[in-house]
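What follows is a set of structures to go through.
Look for subunit A in each of the two complexes below; its partner is subunit B in the first and subunit C in the second.
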Partner chain A sequence: MGPLRSMRDGIGFDTLLIGFALLYLLAFAGLPLLYNVIISFQQVDVFSLGTLLHPGAGWDNYLSIFRDPLAQMVLWNTIIFTVGSVAFQFTIGFAFALFFHQKFPGATWFRGLFLAAWVMPGLVVGVLWNWLLSGDFGVINHVLLSMGLISEPIFWRSDIDVSLYSVILANIWYGMPFNMILLSVGLAAIPDDLYEAAALDGATAWQKFWTITLPMMRSTIGAVLALGVIFTLQQFDLFAAITSGGPAGSSTVAQYWSWQLSFREFDFGRGAVISVMMILVVLAVSLVYVRSTRAETRM
Partner chain B sequence: MSQPQIRIENVDKHYGAFHALKSVDLTIPKGGFVALVGPSGCGKSTLLRTIAGLEKISAGNMWIEDRLVNDLAPRHRDLAMVFQSYALYPHMNVRDNLTYALRLKGVSKAERAKRAQEVAETIGLENLLDRFPRALSGGQRQRVAMGRAIIRSPKAFLFDEPLSNLDAALRVRMRKEIRALHDRIGATSVYVTHDQIEAMTMADHVVVLRAGVIEQQGAPLELYERPANRFVAGFIGSPAMNFAPGVVAEDGSSVAALGATIATDVTMQPGQAVTVGLRPEHVSVVAPDAPGAVPTRIAAVEATGSSSYLFTENDPELVLVTNGTSALKAGENVGLAIPPDQVHLFDPDTQAALRQTG
Partner chain C sequence: MKQTLTALAFAALLTSTANVAAQDVTLTLWTESATGAEATFAGEFTEMDNGITIDVREIRFDDIVTENLRAFATGTNPDIISIDNPDHAAFAARGAFLDLTDLATASDQIDMDNYFPGPRSSFTWDGGVYGIPRASNTIALYYNKDLFEAAGLDPDNPPSTWDELYEAASALTDPDNDVYGIAFSAKASEEGTFQFLPWLQMTGGSFEQVNGDGAADALSFWKTLLDEGLTSPDTLTRGQWDSTGTFNGGNAAMVISGPWELGRMAADADFDWGVTLLPVREEGGPRASALGDFNLAIFANTEHPDEAFAFLEYFDSQAHRMWPEFTRMPSRVDVPLASTGDARIDAAAEVFTEQLQYAANRGPHPEWPRISRAIQDAIQSSLTGQKEPQEALDDAQSVIDGILN
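Presenting the complex of A and B:
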């Protein structure tokens, strides 16, 4: 039972492969995560940044973040941004997935084109939407004006009432195709004969959707929504490109605020506080995701 | 039994350039059990699916209880179908699977539970009502699929090869159960199968299809005894009928075939080319010098216990079946006794039966 033997029978090799993966995760995800938690309890500024150990700060950073006048607005913005983006990405993505699930010529080809939006870098998408949303010569204002829906142009990026929504709009467009593809896969996995059996049992198209499609998609939907929340909480590029979190913080969300604190104000301790709290949220959502995908394999 | 429940007239089905059903005419009587049988790709499933409304017919007419249903959606046809895959709803337990159609109709929950209980008792599922399909065996799933059809008391049951996913022993048992259930409920049934034994044992009326055409339809034994053409003759019966080329002799009633003269009980044109068809169970082995016997030699013997298959050294080789264990050995010289009234004759060009025995 030497190491060579266990190497040859495959068990040792399995352990080796898992070992590498675990080591990688530990070094490049685990340690930074841990370090992030540690510095959220420390005083870190631009002068002490180079040292490994910093003076402890107890809960000061946390208290200071909670008391910050921006905190409440950022929290609300984050909730609105996440819920708004995920809700519309999902429903529009689901609608498109159902649409392309109808077998018409070119359906799969056309669906593939939608992925073009998703493969673009976020900054490029941001620049694209800057043009579309431009107050003076943007296409969106032009369309709304010529349809008579608005009487004067909306300054999407610089109006504090709408700046957040302009980023949400771009993010819905950006993330929808991903939702659509995952949901399409889920739809394709439902056997046709279930719909045929339901048709003979007397189901209308609407009843088939509610009693067959939706329940059969439960695990896929859980996974898509969980991933949607996680990706939305990671969205940074669009804010950087479209509003830079402004004006006056009106479109600042947690992840952008964390970056601003850390890399604009060099207040790494407080920046870390926000990311620690986001880790907790993402962790909870990840549990939903893991549970969903586990149910999927059991089906 | 005489009133038609489903009437199909001159129905065609095209899939692009593929002609799946060609001028099909079929009348299914109320309470009848009709089997659609044929090799794969013959159009039997397509025909069933057009009755269900899952496929639209390209031409012709179809009536269910005097209602023209050419353009009627499946959900308005009031038919129940048992699928080959069973198509049970995986996210519903047995009770919900059984009562799905009732739920769509807005039947109350209490009433649904009562009906589910009744049907479950009929088909022996009463202990499984809370189980999900994934926790059922193949035979149990089959029963749920049956129960889902029964609970609705539909105008007709459509079966699409429902037993093909079961093992042989269970298949034989379910065959009897389905037929018994049919007799008890008295519902009209259309049953698709590629297994001619299933068709012969279950149905009152067998429809043999090939390449989208009905080759012959009739009572099971009628098809066995009086096949309309060589295809039906070869398809019905197991082991399959032997075929050999022959020529009608001068007397107009015997046929020169298999290197001998075979007597028949019909009159034909002397010199006419024919195909002789002999069922393995109708030819018996006698002494080589018996009068009127076809002399030959045994090439091989396969014993199954209950019967033996004998292969002869004729050209083409013949298969014979005898009951029990045969004492014959390969290489033995024997004679074949062929009763004249059991000789089937076919036109080699049109494949049609030249006369019908029985």
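Presenting the complex of A and C:
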């Protein structure tokens, strides 16, 4: 009798729904994650990939990754890529969100148009930028040259000092609209009467932004930044399409290296090591995200 | 009694053959192109009244190995695969491919002696036969005859040594008109390895010995072409298809590439072009080139090995169509290249046929991707100036030694 009643009063039904979600998460996210951690301690090659048991490797995979001559460069590249991408995606996205928040004719329509970039598949965006950034015949070089800003073409994809920044440039363009939309939603949630009250008190636009907009957006900003970091650490397609991590590894970031180790050299154990370390970073960032969104629901 | 037995055995054989024909069998074939030779021949084979249907799935070149590995690991692999030849050994050595030795020996169609030794070694492993070649290709030097004339060079006397190649590239480079002297690919992928190995081999090196005497000269030669602006800096990140595109567009006066380009070049290039053997290090020096193209193999876990092999036999029987229809060179000693009707392509056929004699296999080695990666790292780190050529090759050698020993 008990379970049936709890179904009817809704409490058991809640549990049931949560149970499904939990079960799904455990099966399709938890187990693969766990398996990934396990194979990072094993010797896994191409043909033993399908079997569950592999010879153990202890910390060998970890040590060989840390000692790899590429490791230090990849770490720096990943930090530069993540910080560079997120910082500009966010500030430009915020600027656009504020701009479209001014209620001028067609504002929402234009804002929607920006999403077109974000809904495109990453590989398509990558191929597009690959053309734009081409050294000899690229549009970007052509524009810069004809404006007299540069005197020699820049080999965006092939110059080891520039290649990483080329991908960052493409990634900023790609991820900015998403930042803008989330921040727009945050802006829309701020009650207008706060601004009206501030206006009556004679606050300047800057004071309004600094004392109303930013504090009210705190949780949104936390969430957007956390998501930005996570999405940036996931970014793979742009590397594959624009530089393939090269030349000479100069634009290789952790996620791309992990893929190269696993699916180009079939060294799944070492590939897993990198993803385990990335999971730890993402977990930390996720905590920020969860805290931010929790504050949001309270508000 | 003996006669009865023989008759019985024959009858049994007949019924088993009849069974094969009566039972409808569907095979799967994964290949890089839905319009290539494999798909075309599979379509024809399916149309035949043999009860065998072949489903073709196209897989992007870059994903062939990954996708097949994933499928093999989970038991969802195809019956037949078309695979780039340096990747063949990894599968064969680990028992993923069916040993065809007995079937091939018994076959009336397939004869191992008909294949060039290079391609043959790519699909044999430990004395066993694990596939048949789709075709063979190699690389040579394409050159723009119109630009040669404009630069005061003899279009009938293309460069034949490294020095001549360097001089021609210098004379042809014309930044004002957006023309580079030469295009090739030094990309950090199998393509870079494929393009570099011939230069290394011309100095007496091989994939097993990349830092011997003269090996650094090969890498330095490439570096000179880049440093002096005779080739586009994007050579570092561009594949062969894209670099040949710049040649077809008139933005590179020479390009190193293979016969697979002939069809597109004949259609796209609005200038007169020719093909010549890869220049050698010095007059009379050893020739070399790369051996490319795909093999066909049957996965060991197929339920229909005989039917799959029957398709391989049909495929092999169509070798004479490879050149005229797909500009791919048959790997058969006994199949001459038929005329295509385009004089330039037919002239190229002769050059490529000769070049193929000097073509060396990549591997076979089950760890080929790692060997190749070491060579790519050496190419990229020296061309970008991070390491001296000799140092880069020494580093590659120590990685390769670790893999080979």
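Rule of thumb we're sticking to: the second predicted complex is superposed on the first by the 285 of 299 C-alpha atoms of A that agree within 3 Å, B and C clash if a C-alpha of one lies under 4 Å from a C-alpha of the other, contacts with A are read in each partner's own complex, and residues count from 1 in each chain.
In this section, a contact is a pair of C-beta atoms (placed from the backbone, for glycine too) under 8 Å apart; a residue touches a chain by one contact, two chains touch by 3 or more.
Everything quoted here is computed from the prediction, not taken from an experiment.
Which term applies to subunit B and subunit C once both are placed on subunit A by superposition, clash or fit?
fit
Quick one: the Cα-centre angle at subunit A between subunit B and subunit C, nearest 10 degrees, please.
Result: 150 degrees, to the nearest ten.
Once the structures are superposed on A, label A:Val46 by its partner contacts, choosing first (subunit B), second (subunit C), both or neither.
second
Give one of first, second, both or neither to describe whether A:Asp60 is in contact with subunit B, with subunit C, with both, or with none.
In the superposition, A:Asp60 touches no partner, neither subunit B nor subunit C.
Given the touch rule stated above, what does A:Glu265 touch, subunit B (first), subunit C (second), both, or neither?
In the superposed model, A:Glu265 contacts subunit C only, not subunit B.
Once the structures are superposed on A, label A:Asp68 by its partner contacts, choosing first (subunit B), second (subunit C), both or neither.
The answer is neither, since A:Asp68 touches no partner chain.
Contacts for A:Ala199 in the overlay, against subunit B (first) and subunit C (second): which applies, first, second, both or neither?
first
On the superposed three-chain arrangement, identify whether subunit B or subunit C touches more subunit A residues.
Counted on subunit A, the partner with more touching residues turns out to be C.
Nearest CA pair across subunit B and subunit C in the overlay: distance in Å?
52
Residues on subunit A in contact with subunit B in one complex and with subunit C in the other?
None.
Using the touch definition up top, name the residues of subunit C that touch subunit A in the complex.
Touch residues, subunit C against subunit A: 66, 69-70, 72-75, 90, 94-96, 178, 180, 187-189, 232-237, 246, 251, 369-370, 373, 377, 380-381, 383-384, 386.
Residues of subunit A touching subunit C in their complex?
Counting only subunit A, the residues touching subunit C are 46-47, 49-50, 134-137, 155, 157-160, 163, 243-250, 263-267.
Subunit A touches which residues of subunit B in the complex?
Listed in rising order, the residues of subunit B that touch subunit A are 52-54, 73-75, 77, 79-81, 83, 85, 87, 89-91, 100-101, 103-105, 134, 148, 152.
With touch defined as at the start, can you tell me which subunit A residues reach subunit B in the complex?
Subunit A residues touching subunit B: 191, 193-194, 196-204, 207, 211-212, 215-216, 218, 299.
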